[in-house]
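Structures for review follow.
Shared between the two complexes below is chain A, which has chain B as its partner in the first and chain C in the second.
Now for the complex of A and B:
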């Protein structure tokens, strides 16, 4: 009672005091997240910027023009990245939809082990694995081809595709399928009319994950693709290794935009009932 | 018997793992008949329905529809429609699409589908809701959409899996009537699974009471209600009051000698299959009368009279319900007027409301010889005294 009176008398004072540490922590957190991003944004429009100046000396869009010029490498890399990511999504989903449905519905032995098996490509250090894949692909003529890069990206992205697809199919109530069977629909028809539309948001989310993984993938692309199949991360690498921070930053921004945009979509589509079933 | 039925189930056995859920069950259903499968949870009634629908594979036995063996057919080829307890409406389709799905599968012309859907919506009181998604409907409306979807395919057999259990009590009473009226009008053969005795009584032509994977008794509602063939059925049909008294048969009449809690009674056998021994006596609270207990006990010939005193009275509506202590048992008896707690009373159960069976002790422990003989000796002593 007395406490209530006390705080009622001086409400502003107590509130202000408490906001100081919170504001400091929030500010530090924001700086940790957005500081590097601001630096990146500044570099994309910096014409001249060198030590010890805190801000660019000259601003302009000349590097944008250079990157997006018809003869520029960026456009080719962007096209490559999108083609590879698109094909990766198609191949990965072609495998993940049947695999996810089987894992969600059928009483398979070692179901947990099968799910875990898709994690294996992530479990080992990627460098030695990709070096060996590169050697193998070189022998069978897949090195430096889009097919080769796509295959590497598929093995890498399949864990997301299969896990999320399994969760998406698990979230579809079996009785909804049985109702369709009872109405006279065959197994395939039921899958097409009931299961697939209901699992679609989850499947879309898994496709987006695969797309983003492929867009971002560096190590595999470097060993299998370079220098014939140049993707955006490879361009980013060569640009920043060559000290061309403007081109590197513009490339990084190109990679960042679809990631953020798609993440917002995924966040909308991945419902909690699907999410709760991932990996189960 | 199962040969002339429209839906014939012969020797169906279903087991999940090692425990059998259905045990060599036979059932025959006539065309146009409304059969209720009644039982408590876990008795196998839903499994039987799902086996008929084709979602559960029986390990033995056959299911015939109109003489044709459908046991090996997938659910979509059986010409049956199942209404699920959860309704299982497709959330991504509108009401009209849900109802029109079956006709669409059958390649019906678009205009015919629209007409059929409109007809069913009209019939089920869903007019104007065609463009809504199931999520935007009330429970009762969803239930009717589920029913409409099943009826849209003109099923030879309509299977209902507790379709009313998710409805409010008040809506349920109306829907019960609606469904059975519709079934009669359309002449559909229906199998209805429920654990609600009253629902089964009101809706069905025949009640099949299931217990532990088999049929405990089947017959018309009034038959299973008034002539239960086993203590289980009697208890399930509401005769929860139970006591055990020694009895004997004399010249095709049942004689129950006077005891500490009962007067001597000589009752007509009335087709009951009984032999000398302790009887399990069951009756309903509403099947007995409560009388003032101050009169001296007299022999009765058309009713059994028990003595006890009132422990408590409550008013559930209509009549007063009394908990009466008779010996070690507490029995529930209805009366129009309340008796005060502690008052001595007589419970008078007319012979037609009295269900007599061999005592469960005899049935469940047939091989414990000494106890069995001992009880028999007891009975003889009392009947000769």
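Now for the complex of A and C:
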């Protein structure tokens, strides 16, 4: 508002020359970010495209039809991915909600150490671990099963689940719980009717985080799931390694959409009062 | 039940998952690195260095280079978001820089595999602008491709952390320096960056460890020698079932990550004392 008034009051027609370097730098950045994404979109609709042609020779949706045919490999991978991610969210939240509540509300010995323990899977290179889990799971018959893949994804997603759940419960006003208790509600009832609904947006954010982590996970699925439990990232890898860039690009686009959508809305779920309590 | 015990009882299942499915396999990978034949020894490490010394050096150099570039870009982005004087340009940058934040590494690999290829959009634009001729177009799918993929994916993460920390730096010192005639670059380097150094380092250390264990990017962009340790580990397992050398390579990447973590801890301890 004040800016508009300011410029209107001044009959000044000089162009702000700083827009030249600004436009150049922002343009280059936009190209660096959207150029690769554009290239991917082109590949999803390219029927024929090879060097030295700048653009695809033919456009069409025949690869989409192939990917989405009822018996196509992609539908199986998509179903697998969604089942695995859904189960991962259920297991991770079942573990994280009690843990987060305890870490936020109850006086725990070694609280800081316990919080740090959930960071371990992020703080060490995970590849050697997956290799050895695969070996262990192979002995007990979990390799190549949905259960095995879910367990690995849960381990990796727990840090988000527990840390965000802890922050979400910390952000709930204690006085509201005390009010409910003083009116005669039991501990369980207070938790169910007061604490849980108030912490719900934060818990939902952590569930989305866990879902996306599971959906996008490649290394663990590669060692534990392949070739029996084919998820979308595994399909993307095999298609790309086989030189089928169209199928790979369509799969990549399927994985891209939820990721970008979450990036655009994350701030609505993770309010700053919750965010400021993460890791505390 | 006493409340402390009840609290522990609520946390225990989640902790057990971490212990059983991460700490135990991690330990067995460390032990497995020393297992040779029927006893223990350094055989796996000797073989790992014989076969993969160039890949180990390559990995450390690639990841360090990527971390450095990510650091500079994050400071530049965060700095402009805090000190930029044109609100429209700041808003545009804020909207722009975060796009790759949640895009998975495997998708980044595929996207850049097509973008950086000989007939990818990058070469096409360079040819169109007249920087290179069609004959000079070359594929960037080697070490440069891996660095570009890492920087593309990790910069938004570190920049977001850094920008958040910069936003909470006391404005009055910045205004005071500006009134004394300090340039914005000087304010950034002299006042803002030192105050967000801890956040920057945390972001960079986490990125370093993440990049050390990414398998999909080297597999997608450049799996030929020299490649990254992660691709070698996968190859040892899939081609030979050779867990000894794979675990030795795993321990080497663990040590590289631990060195960075230790360096960070030492710096932050020194600052505190």
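Simple rule for what comes next: the second predicted complex is superposed on the first by the 260 of 280 C-alpha atoms of A that agree within 3 Å, B and C clash if a C-alpha of one lies under 4 Å from a C-alpha of the other, contacts with A are read in each partner's own complex, and residues count from 1 in each chain.
Convention: contacts are C-beta pairs under 8 Å (C-beta built on N, C-alpha and C of every residue); 3 or more make two chains touch, one makes a residue touch a chain.
This is a predicted model, so every value here is computed, not measured.
When the two complexes are overlaid on chain A, chain B and chain C sit side by side with no clash.
With both structures placed on the common chain, the touch criterion links A:136 to chain C but leaves chain B unconnected.
Contact with chain C, but none with chain B, is seen for A:126 once the two complexes are overlaid on the shared chain. Of the two partner chains, chain B is the only one that A:189 touches; chain C does not reach it. When the two complexes are overlaid on their common chain A, residue A:198 makes contact with chain B while staying clear of chain C.
Once the two complexes are overlaid on the shared chain, A:222 sits against chain C while remaining clear of chain B.
When both complexes are overlaid on chain A, the residue A:242 reaches neither chain B nor chain C.
In the superposed three-chain arrangement, the CA centre of chain A forms the vertex of an angle with the CA centres of chain B and chain C, and that angle is 100 degrees when rounded to a multiple of 10.
Contacts of A:43 after superposition on the shared chain: chain C is touched, whereas chain B is not.
In the superposition on chain A, A:27 contacts neither chain B nor chain C. Applying the stated contact rule after C-alpha superposition, one finds that A:178 touches chain B and leaves chain C untouched. Looking at the superposition, the partner that touches the larger set of chain A residues, chain B or chain C, turns out to be C.
Fitting both structures onto chain A leaves chain B and chain C with a minimum C-alpha separation of 13 Å. Put simply, chain A uses no single residue to touch chain B in one complex and chain C in the other. Every residue of chain A that touches chain B in the complex is listed here, in rising order: 173, 175-176, 178-187, 189, 193-194, 197-198.
Within the complex formed with chain A, the residues of chain B that make contact are 53-55, 74-77, 80-82, 84, 86, 88-92, 101-102, 105-106, 149-150, 153, 159. Taken in their complex, chain C has these residues touching chain A: 3-4, 6-8, 10-11, 13-15, 17-18, 21-26, 28-29, 32, 86-87, 89, 92-93, 96-107, 109-115, 117-122, 124-125, 127-128, 134, 137, 152, 206, 209-210, 212-216, 219-220, 230, 233-234, 237, 243, 246-247, 249-251, 253-254, 257, 261. If you check the complex, the residues on chain A that touch chain C are 3, 16, 18, 22, 26, 29-40, 42-43, 49-55, 95-96, 98-99, 101-103, 106-109, 114, 117-118, 120-136, 151-152, 154-155, 158, 162, 212, 215-219, 222-223, 233, 236-237, 240-241, 245, 248-249, 252, 255-256, 259-260, 262-263.
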